[in-house]
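Structures incoming, each one as structure tokens.
You will see two complexes here that share chain A, one where it goes with chain B and one where it goes with chain C.
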Partner chain A sequence: MKVLKMDIRGQICPSSLLLVLREMNLHHQELVRGNLSIEVLTDNRDATGTIPDAVRNMGIEAFVEKMDGYYRITTKQQSD
Partner chain B sequence: MDFSVWVVMSGLLVIGLTAGVLMHRSDFCMAGAFRDVFLFNSYKHIRPLVLLLTLSALMFELCRLAGVLPTYPFSWFAPPSGVNIFGGMVFGLGMVLAGGCVVGVLYKMGGGNLMALFAFLGLLVGSALYAEIHTWWIPLAKQTNFSTEAITLPQWLRVSSTVPVLLLVSLGGFLCWRWQQTELWVNRNTAEGFIPLWFTGIGLAVLGVLTVLLCGVPMGVSTSYAKGAALLELWIIPDHLANLPYFMATPVHYALPIDGVLRSGGAGPNFDIVAIVQAPLILGIVGGAWLSAHLLGEFRVIWKVPLNQVIMVFSGGVIMALGARISPGCNVWHLWGGLPLLTIQSVLFVIGLVPGAWLGGIVLQRILISDVPLKRINS
Partner chain C sequence: MMQPQNQEIIRKPEEPSELELLTEENARLKNINREAFDYIRSKVNCLLEVVGTKNLRPEELDDHSLIEFDPIGIVAQTFQHILENLQETNQKLHFAHDEIQTVFETVGAALLVLSPQGKVVSYNQKIRDLMLGGDVDFLGKRCKDNICHTGIDNERCIFECVMLARREQHLYDWELDGRSFDVIGRPMLDETGNITHVVIAYQDVSARRDAQSSLLQALNATQEANAKIHGILRSAADGIIVTDSSDNIVLINRRAEELIGYCLSRQDSTIQIDHIPHKELVQLLRQAPRREQETFTEDLTFQPAGHSPCICQVRVTVIKSAENKFNGCVMLLHDVTEQRTIDRMKNEFVSTAAHELRTPLATIIGYTDLMMMENDFSAEQKTEFIHQIQKKAVRLGDIVSNLLDISRIESGEGVSLELKPHRFDQLCKEVIKNFQLQTNDHNFVLESPRPSGVTVSFDRFAMMQIIENLLSNAVKYSPNGGEIRISCQLENGICLLAISDQGIGMTSEQVLRIYDKFYRADATNTAISGTGLGMTIVKHLVEAQSGQVSITSSLGKGTTVTITLLAADQMKSC
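What follows is the complex of A and B.
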């Protein structure tokens, strides 16, 4: 499975959500088929709620992990 | 410095620290509240703002009825003017582009966000720019004054404030109850140490009332950005500063409830009544957010940031400062202090703020990303 990595740390809010939505729309079919996963690195605390919400509304699961001073949000197809 | 001033400033510093921790933990972003309604059809951050407004209106009215409100309406509010709407619009555009309002910039900066520092610098520059146009702007602004001396809507309608405030509280209370029934208060944020937005809404409402009881005026910080700009000019171009009436004037004459001593103040680079009531809040909010971020191990300054975003947030800060000076007053002053009392200036400011935030959302999206077919979050 391909992994699309996005490092959005330090960027203005709501860059995280806007950029993830763009990639979700561009690669929707691949994400739904489970061929692609998106990995987002963000230091925006609000994004740990908004990104998973947006991703789940598209039928895809999202997981949030606390890293060293930031968060990693990973999408995964629900049937996996 | 008088002991009473120490007491007031210490109390405000504690209030600011608490507000800083709460806002950082919840990411209580008022710029995002208005922006996300238009950008994502999301009301997530508007809800706690409605809760804050409702509780503030109820508590201020109860304090007024109990006779413990130092002044009613609050000092420093004036009769309405057309520039209140225009200033709100400019402010709304600026705060969205800056990525935070005048306090949002403070807690984000305290949390280690470099972008917020650029917005902060923009606020200083915008305040300095306003000082250059002040003498030209004021006569123009006076032409838009409404023909009323009333400061609040109840005064304008010649009714007791209790009935309109109760109507406002009933409407806000009903909305909050409906959101509770439909589980829209449920926290889905997984950040470590996250404090639910409803809790922070309640906390900030209580802190707002404590601020008024302590110093007699609601929370406000924007004039201190002008004082910061004046301090810089005093250091770099003192002769020019001395020729700017905006920085030399002391239009505020006010007595703290604790000692009743009349003090003057303004936007100049002096330690005056404006500095007494605003500086501790600013230091507290930055310090509280810094403390919160450190305790969570999340204080990290990311130095590599996109240049277009740096330009955008700096410009947003400049525009926001101009809006705050034109209106006059910032979103915190009007939303947390004026609107709960149905102050006409604040109502007009919010009427302007909404389309300003809408416009800001359009510009922000075009700058950040131009080809996003947005899908709705439905939260």
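What follows is the complex of A and C.
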């Protein structure tokens, strides 16, 4: 599976969310098929709520991990 | 002249300059642009609010970047994806709903959904079939009034139990209208933890309960039967040993344990046949799988603790599966000691009887052949020949009589006796006289009270047979010249007849067996004739006249046989 890495540390919401949504729109088919995963690095706490919620609404699972001074949000296609 | 004062100068308004027009147009366009950007920002903010995030501030994204970045496009496309996902999810939900509805109607359990107020929200066909009946619709009605119409305590009301515990509850053997149910109640909670519904599943276990009851009865009956069979096997007169295909002892009964002298059934673990302390028996079991016959027998001797050795006919039956595979053995140990002893005695008797019959017959044949071949014998010689023939014929008659007597005794017919008072001493004299006529080799001494003698009630013929048998034994087993003493006494109303010889005597073991049929204490000396039936007949005839026989004997010194009979006057009072 391919992994698309996005480092948006320094960005605040809603631009963080919009950036991620734009990438998701661009790669929606691959994400849905489970061929691609997006890994987002962000230091904006609000983004750890808004991004996973938006991702899940599109039927894709998202996991948040707290790293050292930032967060890592990883998407994964839901298995039926 | 022109008067310029106070004269209103009406000037034709000047046309706006090109610059002014452009400036105005620019301001207007700016305004429109501003309004457009404000509109876009407000719409973007609306959309962002929907996705749950903050407003997009100008310092974060200026107007120029707003158009270039196109957040509305991004969010709109996102919404398109969200909508697609919702549609797909909706389809799945519809499918799941249909599935649940099918399961709800076809599941084996009766399902009931209640509101927190105990009103019926939904139920399946099973509920109608088992509990409601008819076509009345119970939706919205109270469960208690319509299902538990017989009245059930709160402790046995699954709805109350679930509402109280707020978690899954079970009730077993819940009774309704003679049926038995296992009931499961589970609450459905909303996000705040409040109960929205209670789902109750009733599993009709009446048939299972009845089947369990029947099965239990059958099991008890089987256990009883098994215990009976085990008891019968344990207490069977024959020894039984059952083994499996691995040569383990599956069953051994008490008799088998007695015979092999080892208690195998008390061992906790599986016992191999090698533990049987009887090598020949183990060998038989080892050979069983290789034998061609499914059943075979062999006589083996056993030595049970504290008992005499015994002979058992061991019958081994091989158990085979449908595929002809060896599955073990059943071994029966049948005690044939008596049978084998009788067989041996019969064989001995046949041999003895043949010998006994052949001897007089040879004499008879010899004399008759002689008389037929030669005719010039004197009258005295002929008389002597006929006398010898007659004597041997009488002997043959005696042997045949003995055989007939023992046959009658064995068959239970008994012997018909005519008990009358007789002088015992006189009868003894008669018998002694007969013996003295046959042989002068022995000295017969009769002791009896004189002159009254001894009067006893007996059957004359039988008593004569008794005394003849006893004297015959005394003569046969005494050396020539030996004294044979016949003592006839009366003591306290009892007649004692004792016949003593100075013969070869017997051991105590021989004395114990002296009344056995066909038993001869000294069978090695074939010169001494006898069938081994005399003492058996004596004992039977004496006891038939309410008397008793006793024997004392000392090897090499002689034997005394004593017969006790009630005196004639005593017999009357009996």
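Throughout what follows, the second predicted complex is superposed on the first by the 78 of 80 C-alpha atoms of A that agree within 3 Å, B and C clash if a C-alpha of one lies under 4 Å from a C-alpha of the other, contacts with A are read in each partner's own complex, and residues count from 1 in each chain.
Here is the rule we go by: a contact is a pair of C-beta atoms (placed from the backbone, for glycine too) under 8 Å apart; a residue touches a chain by one contact, two chains touch by 3 or more.
The structure presented is a predicted model; accordingly, all values stated were derived computationally and were not measured.
Chemist: Scan A:Leu21 for contacts with chain B and chain C and give back first, second, both or neither.
Modeler: Both chain B and chain C are touched by A:Leu21.
Chemist: Based on the superposed arrangement, let me know which partner A:Gly59 touches: chain B (first), chain C (second), both, or neither?
Modeler: Touch status of A:Gly59: second partner only.
Chemist: Looking at the overlay, does A:Asp43 come into contact with chain B only (first), chain C only (second), both, or neither?
Modeler: In the superposition, A:Asp43 contacts chain B only.
Chemist: Once the shared chain is lined up, is A:Asp68 touching chain B (first), chain C (second), both, or neither of them?
Modeler: first
Chemist: In this superposition, which partner touches a larger number of chain A residues, chain B or chain C?
Modeler: Touching more of chain A: B.
Chemist: Touching A:Ile12 in the superposition: chain B (first), chain C (second), both, neither?
Modeler: Both: A:Ile12 reaches chain B and chain C.
Chemist: Where on chain A do chain B and chain C both make contact?
Modeler: After superposing on chain A, chain A residues 12-15, 17-18, 21-22, 24-25, 46, 49-50, 53-54, 57-58 contact both chain B and chain C.
Chemist: For the complex, give me every residue of chain C touching chain A.
Modeler: 48, 51-56, 60-61, 69, 71, 74-75, 77-78, 81-82, 85, 88-89
Chemist: Which of the residues in chain A come into contact with chain B in the complex?
Modeler: Answer in residue numbers: 9-15, 17-19, 21-22, 24-25, 43-46, 48-50, 52-54, 57-58, 64, 66, 68-71.
Chemist: Along chain B, where are the residues that touch chain A in the complex?
Modeler: Residue positions touching the partner: 24-25, 27, 29, 32, 35-36, 39-40, 42, 44, 99-100, 112-115, 187-192, 194, 297-306, 309, 312-313, 365, 368-369, 371-379.
Chemist: Residue numbers of chain A touching chain C in their complex, please.
Modeler: 12-15, 17-18, 21-22, 24-25, 28, 46, 49-50, 53-54, 57-59
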